[in-house]
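In what comes next, chain A is part of two complexes: it sits with chain B in the first one and with chain C in the second one.
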Partner chain A sequence: MTDVKTYLREWAMPHVLCPGCAHGIVLRSFLNAVDQLQIDQDKLAMVAGIGCSSRLVGYVDFCTLHGTHGRAPAFATGLKLARPDLKVVVVTGDGDALAIGGNHLIHAARRNIDITVLLLNNSIYGMTGGQAAPTTPEGALASTTPAGNTEPNFDACKLLMGAGASFVARVLAANPMDMTKVMADGLDHPGFSFIEVISDCPEYFGRYNKVGGGAEMLTWMSVRDEGVAGPLAEKRFVNHIPIESVPSGMETGVLQREIRPVYAGVRKVEDHES
Partner chain B sequence: MSQAQLIQGNEACVKGALAAGCRFYGGYPITPSSEIAEQMVRLLPDLGGVFIQMEDEIASLASVIGASLAGSKAMTATSGPGFSLMQEHIGYAAMTEVPCVVVNVMRGGPSTGLPTSPSQGDVMQARWGTHGDHPAIVLAPSSVAEVFDVTVKAFNLAERFRTPVIILYDEIIGHTRESVVLPDSIEVVDRVQPTDAPADFWPMIAPDDGVPPLPAFGDGYRFHVTGLAHDERGFPTNDAQVAEALVARLHNKIDAHLDEVIEVDTYMVDDAEIAVFAYGIVGRSAREAVMRARDNGIKAGLIRPVTLWPFPYEQVAEVAAQVDTILVAEMNLGQIIGEVERAAAGKAEIKGYLRADGEPITPTALLEAITPDKEGQR
Partner chain C sequence: MSEGSQGLLLAGVGGQGVILASMIVADALMRAGHDVKQSEVHGMAQRGGSVFSHIRWGERVDSPLVPLGSAEVLAAFEWAEAVRWVEYVRDGGAVVADVRTIVPPGACNDHRSWLRRYPGIDGELFDSRHLKTRLIDATATAEELGNVRAANSVILGTVAAFIDIDNKHWEAAIAHLVPKGTEEINLAAFRIGRDVAEARVPQTAPDPEGFSGPHQIEINHVWCKGCDICSRVCPEYCLAVDVDGKLTIIDAEACTGCKLCEALCPDFAIEISAPREPAVVGNQAAADGSTL
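Moving on, here comes the complex of A and B:
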C-alpha cells in the first residue's frame, strides 16, 4: 500500500479543520480507495465548492479546483466532457450541494455523467459559523435557529435517487473501512456516483446542541447507525414538533446501483469513450 | 478567395469562435442569443468539440471554466438576465485567470425587459457586474463581419492574458443577415505552457508580462486553482501583501498591454467640429449620420470604440482636444457617456443622445442632433 502522504500536499499543512471534525477521516478513507484502485495521480481531478469539506481539495496532490459555492458539479461537468480521460471527483458539503447547489447536483445526476460526488454531511454550515442547513434536523439549534429549526430536512440519498443517480450510497465517518469500500465502488461505477458521508461538526452542531465532541458524535453514528439525526431524536428543542416526526434512522450502504448510458456531451460518436 | 455569404451576427460569432479554436460550448437558451447554441451543437462535433446545454447560466459558465482548465478553448453566450447570473463566474475566471469568452447579445432591460428588442444597457455591468476589483476586456462589434473578427480577437485575448473576455452586441446585430466575406486565414493565439518540470511548477508565478503559463488538468502538472486570494503556489492566503500583489498583477497584465487590447475606429475626425461617439449598432447609424452631415457641409466625425473596456481614454482625449462637441449616442439612459466625460476632462462639450425604449437610434435622428439650429445651437 502506498504511503498516504504520497497523495497529500504536506507543504499546505496545517489544515483549516477543527479538532474533532471527522472530515480528515473521510479524506483518509477516500485516499485509501484511490490507492486501492491505483488511480493515476496525474489523472485524478478533484473539484470542490465552498465550505469546510470543500477545503479538503487544497491538501491533496491531484489537479484540484476550489470553485464557487454550490457549483462544483457544473465545473466538474465541463472538466469531464473536455477531458474524458480524467477521473473527476466532487467534494461538497450539505449546504454547498443541497441548498445553493441543489440544481447543479440533480442535473449532473440526471445526465449520468461519469463523475463521483462525495457529500460530507455535517448537518450545519460550519465554515460560516454554525447556521442552519437544509440537512439540519427539525428541532436542532443553529446560530440562525436559536429557538430550534422548524424546517424539515432533506434526505440527500432519496433526492439523488429521485434525480436518477445511477449509484447512491450512504456511509458513516465512524466506519472508515466501510467508507473506503463504498468509495472504491463509487469511483469504479460507470456513470454518476453519489456518496453521502455522515460526518460531524463538533464545533458548532455538537456544541450548540450539547451532543458532545467529535468522539461522542462518532460513537453515536457507529452504535445507532442513523447519523446525526439519531441522537437528536431524544432531544426536543421545539415543543410543537412531535417526536414521532423526527426520522428514526438512516439507511446506510449502497442504496441504488444500476447501469445506464453514460452522458458524454454532444460529440462525435467515435469520440464517445464509453 | 472566400465567397461572400449571407449570415446572421450570431452565426458570424460561431464561425469566428470555431476559427479561433473554440472546442467547447456550454450554454442555456435565451433570446436573442440562442442561435449561437443552435449552431454550435451542429458544428462542434465534427471538429472534435463538445456541446452541452446546462441547467442555467451559472452552470454554463462553470462548465466553460472547467473545460478551459482541461485545455479546451471554451465559450458561452447569453443575454441580459443570463449575463446577470454569469457575473459570479466572470469574477471567478478573472481571479483564477482561466481563459474564456462570454457573449452577451443585449436586449432591453432591466429584468426580463424587452426580450426581442435591442439595447446597450449592459455596458457598465460588463465592466463592474462581478464583485471586487477585477480587470475586464469587453469588445463591441458593430456589424456581422466585425462580429467574426471580434470573436477571434476575444479568444486570442483570453488566451494571451488568461482572462475572461466579454463580447457585447445587441439584438439587431445578432439577428441581422449581412453579406460578408470571411478571411481565409486568421492569427490564432494559444495559452502559454510551462517550461518548468511538473515537480518545480508553481502555477501562479508570472513572467515579466504578468501572465503565468497554464497547463491543462491531466497533462502531468498537478496544481490548485482557487477563487480565494492565493500565493504563487496557488494556495489560499490572507496575507495582505500577497493579496495586493495578486490583484495588482491581474490589472497590470492588461493595463501594460493596452496597445494589444484597445481598438478604436475613427472617421473624419481630423477637421471635425463635432464628433459622434457611438459603438455597436449605433456606430453604424452614426457613420451614416456623419456622411449625411458632411454632405450638408457640417464638419462632423465619428469615434467608434471596438474595445469598450479597458476604456480608450487616451484616444477619446485626443479627439476631445480637436473638436468642440462630442455627442455620445447609446441605447441606454447614459452609461459610457460618463467615461467620455472623464476622458474629455472639459476639453470638449459632451452631449448625449440616449434612448432605452427598445428602438434603435436612427441616422436621421442623429443627423438632426448634430445639425445646428438657426441660432447655431445643437
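Moving on, here comes the complex of A and C:
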C-alpha cells in the first residue's frame, strides 16, 4: 500500500478544518480507496462546490476543480462528457448538495452520469456559523434554531434512490475501514454512485447540542447506527454518552446497487459485466 | 474405570474438526465390535477456544470420561492443547500432536509476556514419562494434499497406529462420516498420517501472527491539532494530550499496530509503522531445522 501522503498536496497542509472534524478521516479513507483501486492521480478529477467538505479538494494531488456553490454535480457532468477517460468524483456537503444545489444532484442521479458523489453530512452549516441545514435533525440546536429545529430533515439516501441513482450507500466516518470499502465499490460502479458519509461538526453541532468534541461526535454517530450502537456503548470512550439522548437508528451500508445504461454511453454496461 | 476399557483423548481448537475426528474414532471402534462412549466439550470453540473429546472403548463402558493419567493416546491438533492435556495420558502411553501453533487472541494481546504464556515445545515433558511421542505437521501435509481441512485425518492416521483395530474399520468410518466429495482426500490424508515419521519441531513457540514487537508511532506536530481522538480510541493507552494540547506518546512499548489512531486522525498527523527491527523471539533454531 502506498503512503496516503503521496496523494496529498503536502505544502498545503495542515488543512483548514477545525480540531476533531471528521472530514479529515473521510478524506483519508477516500485516499485509501483510491490507492486500493490504483487510480492514476492524473486520471482522477475531484470537483467541489462551497463548504467545509468542499475545501478538501484543495489538499489532494489530483486534478481538482473548485466550482460554485451547489453546482459541483453540474461541473462534474460537463467534465465527464468532455473527458470520459477521467474518473470524476464530487465532494460536497449536506447544505451544498441538498439545499443550494439540490436540483443538480438529483438530475445527475436521474441521468446516471458515471460520476461518484461523496456527500459529507455534518447536519449543520459549519463554515458559515452553525445555521440549521436541511439535514439538521428535528429538535437539534443550531444558531438559527435556538429553541430546537422544528423542521423534519432530509434522508439524503432515500432522496437519491427516488431520483434513480444506481448506487446508493451510507457510511459512518467513525468506521473508516468500512468507509474505504464502500468508497472503492462506489468508485468502481458504472453509473452514478452516491455515498452519504455521516461526518460531524464538533465546533458547531457538537458544541450547541452538548455532544462534545471529535471523539464524542464519532461515538454519537455510531450510536445512531443500530448495528454498532450496542457494542460501542460498552467501549471506554463512550461511557458518558447517554444512549437515549441520540436520534433513532439509521441504515448504513450499500442501500441500492443496480446496473443500468450510463448517460451518453460513457462506459458501456456490457464492458463492466464482462 | 470399567473393566478392560481403554481411553483416548482428542483436543484442538475450534474449526479443526476435533468433533468429526472423534465421531470417526467412535464409529471405527464400534465397527470393530467395541462398546464405545464418547463425550465432547466445545464451549467457546467458535472464538478459537479449546475443543476436546473423551472416548472410551472396551467390552463394556459405563462412563465416557477418561480419568486423569489413564488415556492410552492423546491426539492433539494444536501444540498448546497437547501440553494442556498431556497429564491425562498414562505413563508409557502415546501422544500424537500437530506442531502447528494457533495463538489465541488473548495471548497475542498480552504482547509483553506472550512468550511466557504460550507454551514452548518441551521434549522433557514427554520423555520423562516414557511417552511414545509423534509430532507431525499435519496442517502442512493436508495443505500439500490440497485441503487444509483434512489435517484431522492425518492425525487420525497416526493415532490409528496406537489403537489395535483393523485398518478396514478406520477407512470405512472415514468414508462414512466425512463430508461427501472429500472421501478421497481424507483417506489419502489418513494413509499419510499412518506412515508418518516424526516431524521436525520448533524449539520455542513461533511468533504470533501480526505481532513482532511494539510498532513505531510517529507524530507530525505541525499538522496535529490536539483534537484528542487518537488518545481516546487507543486500546492500549499509548497516547495522551497534555495540558498544553500537545499530543505525546506515553507508552510507546504498548503499541500493537492496530492503526486505529492513524485511520481516525482527521489531520494525517499520526503514522504507525512496523517495528524497525524484528523482535527477537528465539525461534532461530526452528529456522535452522534442528529437532528435539
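Throughout what follows, the second predicted complex is superposed on the first by the 240 of 274 C-alpha atoms of A that agree within 3 Å, B and C clash if a C-alpha of one lies under 4 Å from a C-alpha of the other, contacts with A are read in each partner's own complex, and residues count from 1 in each chain.
We take it that a residue touches a chain if its C-beta (ideal position, glycine included) is under 8 Å from a C-beta of that chain, and two chains touch if they have at least 3 such contacts.
Bear in mind the structure is a predicted one, so any value in this text is a computation, not a measurement.
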Note to self: Let's test your reading of the overlay: on chain A, do chain B and chain C clash or fit side by side?
What the structure shows: fit
Check: What is the contact status of A:Q41 with respect to chain B (first) and chain C (second): first, second, both, or neither?
Finding: first
Notebook entry, point to check: Which partner does A:V91 reach: the first (chain B), the second (chain C), both, or neither?
Noted result: neither
Notebook entry, point to check: Does the superposition put A:T68 against chain B (first), chain C (second), both, or neither?
Noted result: first
Notebook entry, point to check: If you stack the two complexes on chain A, which partner ends up touching A:V211: first (chain B), second (chain C), both, or neither?
Noted result: neither
Next item on the list: Give one of first, second, both or neither to describe whether A:H15 is in contact with chain B, with chain C, with both, or with none.
Entry: second
Next item on the list: Considering only the touch criterion stated at the top, classify A:A82 as touching first (chain B), second (chain C), both, or neither.
Entry: first
Item checked: CA minimum distance (chain B, chain C), superposed complexes, angstrom -> 18
Check: Between chain B and chain C, which residues of chain A are contacted by each of them?
Finding: none
Note to self: Show me the residue ranges of chain C that touch chain A in the complex, using the header's touch definition.
What the structure shows: 222-229, 232-233, 263-269
Check: Along chain A, where are the residues that touch chain C in the complex?
Finding: 4-5, 8, 13-15, 17-25, 28-29, 174, 176-177, 202, 213-215, 218, 236-237
Check: Of all residues in chain A, which touch chain B in the complex?
Finding: 9, 11-12, 41-43, 45, 47, 57-58, 61-68, 71, 74-83, 85-86, 103-104, 107, 264-268, 271
Next item on the list: Spell out the part of chain B that touches chain A in their complex, as residue ranges.
Entry: 23-24, 26, 41, 44-46, 48-52, 54-56, 58-60, 62-72, 74, 88-89, 92, 216-228, 233, 235-236
